[in-house]
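Down below are the structures I want you to see.
Two complexes, one shared chain (chain A), two partners (chain B, chain C).
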Partner chain A sequence: MAIAVFFVAAAIAVLGGIGVITFHQPIRSVLSLVLVMLALSVIFLLLSAQFVFAVQIIVYAGAVMVLFLFVITLLGPARELGRGRLRYQGWLSAVFVLVLLGLMWTMLQGVQYRQPDKADLNFFGTVQAIAVGLFTTYLYPFELTSILLLVAAIGAIYLSRKHIDEL
Partner chain B sequence: MSQIYNDPIGHWVVVVVAMALLLFVVLTATAYTVWFERVALGRIQRRPGPNRVGPFGLMQLAADGVKLAFKESFIPEKTDRIIYVLAPTIGVAAAFMAWAVIPIGLWGNAVYWIADVNVGILVIFAVSSLNVYAIVLGGYASNNKYSLLGGLRSAAQLISYEMALGLALVPTFMIAGSLRLRDIAAYTVSWGPYHGPIPLIILTPIGFLIYLISATAETNRTPFDLPEAEQELIGGFLTEYSGLKFTMYYLAEYLNVITVSTLAVLLFFGAWYLGPVPPVIAFLVKVVLVIFLYIWLRGTFPRLRYDMLMRLGWKVLLPLALANVIVTAIVLVAVS
Partner chain C sequence: MSSLNIGGSQLDASWFLLLSAVLFGLGAVGVLVRRNPLVILISIELMLNAANLTLVAFSRQLQNMEGQLFALMSMTVAAAEAVVGLAILVDIFRVRDAEDIDDLSELRG
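And now, the complex of A and B:
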């Protein structure tokens, strides 16, 4: 049962990924990316990471992608331009795909399907478990990441302000 | 009951039956919420409201439903037809999915639920955050300036108030010590001689106030109905929708009103506990009272201006919600 759900979710994620790069209307690309996010959240749920499942939808599908959508709807239903292809683009992309597939193949050697260790499913992946991890073992990386995000946010605000002043 | 739940096939049977029942109950409840609102708004405005079809106008919604179903289903030209049709569907689906994790006390100690998730409230936030797609995509696919502006206003509004809404509920979780809706509903205290469930609004009144305001904004209702402000934007994102697609938007909106009212009852008003009253009746009465509160708000408040809406969300509600979290944390540590 779980394995069937996994394959359906994985197929949706891959199809959504293909949709992101093949659609010509930006809005369809965004919706494909939303589909990828939702499929990934289902995979998190299969790993009994219920908290990550909910956060994945709230943050990525509910906030980040809505901002993408916001910008695209504001710009209007423009079709993607960019007909200018690079020289040898087809050959280059084929080579890159081969290299990437080879890399993935070597990395996935020895990886097997397994169920998550059913140590205690009531605890695994819940808010308490994640909170304990974040505030004990991974406290410094967690706090440093939040400082990084703060710096990025302040930087974004500063850059956009400067733009207004020039106008 | 728990034996049936633990049996794999029995579990599926229970879940399928519960979902079918839920669909029926929730759809009926939505129809009568619309009727209730129209009558209540009518009385607030000193007019009778719907009273022609059936006794007390109770069949008005059936008549309206038939009328809407037979209306011409119109699709604007030069638009993305798939997205135009998809948008209202997303709205209804998101509104229904929240009901997968809402528990309801039935009789004695029997409690109904479909999925007992340990992050129940976060699942509700997750699916309700998908609601914004219905409005933005509807506004975009209508190929109409007013619809687009309505959709964009809504996106900004929903993102702004989601933060305050989430933070308003954090003290409730901290007090109850769980995100599972059933645990929060069953939160009990032992104060002197009294031992039993209490409405959590006693402990976090500010949390409820912020929740009430943000939830009104999240459901796009007056005084926060800027996405469909009819004087400025005709019908906002709804302008180009008619027939059953319009009905779906309408259904989703009222379903969301019922959902936020039910959540308010679960989180702040002691769920289905009310002395000796049977749980399901106590629950229904409380939910209807909270829905009436929302209708009352709609009937008596004027619409906010857009800059006031943003200022209220970011400069008043968000800091207040954060302060509420910090104060609750300090008090909890001091008490324990």
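And now, the complex of A and C:
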């Protein structure tokens, strides 16, 4: 059962990924990415990461992607023009990415899995388990992300303000 | 090879890593081939998601929560990156049309 779920979700994710890079209208790329994220959230659930599953759907598919959709509708339907200035760009990128995938494949062949810790899988990935990690060992990184988000919000407001001299 | 017992069936950990590698490769193709800056940002999000999948898969294989915590941190960073990147794009598009990222090459050395 879990195997079937995995392969269906993986197929949907890969198809969505192909859609992201092949659709000509950006809005379709974004919707394909939403599809990828939903498929990945199913896989997170298979990996007993319940909280990451919820965050993936609410924050990623729900908030970040809606931001992308807003910007696309704000900027209007931009279609990609014909060929770019670089010659052989497509072929060179295909070669580069095939090399990259080959590298990752070789790494996967030689990977040495460590013996797993004996964790309680009923507790694993729950909100409680996440919170214990976030508020004890990783308290400082967690607090620092709040500063990061504040900086990002201020930066976005600054960048998208109305220029005074244009008025 | 390390098989994970998920709901009674045995799934191999390398399947998840392979899926993550394929998604990362697709995102890399998108960044290299597409010329619309918005689509490039979307492809970067795809690559970040693939990296998250690797983190969560290893977290499950090692039965250690730290991978999931790191995936949450990387989601935060991805959200911040998307916000700032889109704000820069909106600012550029306000001045002129930038349907091709090659048109935005004034800053090159």
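Just so we're on the same page, the second predicted complex is superposed on the first by the 141 of 167 C-alpha atoms of A that agree within 3 Å, B and C clash if a C-alpha of one lies under 4 Å from a C-alpha of the other, contacts with A are read in each partner's own complex, and residues count from 1 in each chain.
Operating definition for what follows: a residue touches a chain if its C-beta (ideal position, glycine included) is under 8 Å from a C-beta of that chain, and two chains touch if they have at least 3 such contacts.
This one's a predicted model, so the numbers in the text were calculated from it and none came from an experiment.
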Putting chain B and chain C onto chain A via the overlay, clash or fit?
fit
Applying the document's definition of touching, compare chain B and chain C: which contacts more of chain A?
C
In the superposed arrangement, does A:Val55 touch chain B (first), chain C (second), both or neither?
both
Please indicate which partner A:Leu35 is in contact with in the superposed arrangement: first for chain B, second for chain C, both, or neither.
neither
Could you tell me if A:Val66 is touching chain B, chain C, both of them or neither one (first, second, both, neither)?
first
Where does A:Phe44 make contact in the superposed view: on chain B (first), on chain C (second), on both, or on neither?
second
Is A:Ala94 contacted by the first partner chain B, the second partner chain C, both or neither?
second
Can A:Gly133 be said to touch chain B (first), chain C (second), both, or neither?
second
Which value in Å is the smallest Cα separation between chain B and chain C when the structures are fitted on chain A?
11
Residues of chain A that sit at the chain B interface in one complex and at the chain C interface in the other, please.
51, 55, 63, 67, 74
Looking at the complex, which residues from chain B come into contact with chain A?
80, 83, 117-119, 122-123, 125-127, 129-130, 132-133, 136-137, 139-140, 143, 148, 151-152, 155-156, 158-159, 162, 179
Going by the contact rule set out above, which residues of chain A touch chain C in the complex?
1-3, 6, 10, 13-14, 17-18, 20-21, 26, 29-30, 33, 36-37, 40, 43-44, 46-49, 51-52, 55-56, 59-60, 63-64, 67-68, 71-72, 74-75, 78-81, 84-86, 89-90, 92-94, 96-97, 100-101, 104-105, 108, 111, 113-114, 116-119, 121, 124-125, 129-130, 132-134, 138, 141-142, 145, 148-149, 151-153, 155-156, 159-160
For the complex, give me every residue of chain C touching chain A.
1-2, 4, 6-9, 11, 13-19, 21-30, 32-36, 38-39, 41-43, 45-46, 49, 52-53, 56-57, 59-66, 68-69, 71-73, 75-84, 86-91, 93, 97, 99-100, 102
If you look only at chain A, which of its residues touch chain B in the complex?
25, 27-28, 31, 34, 41, 50-51, 53-55, 57-58, 61-63, 66-67, 69-70, 73-74, 77, 122, 126-127
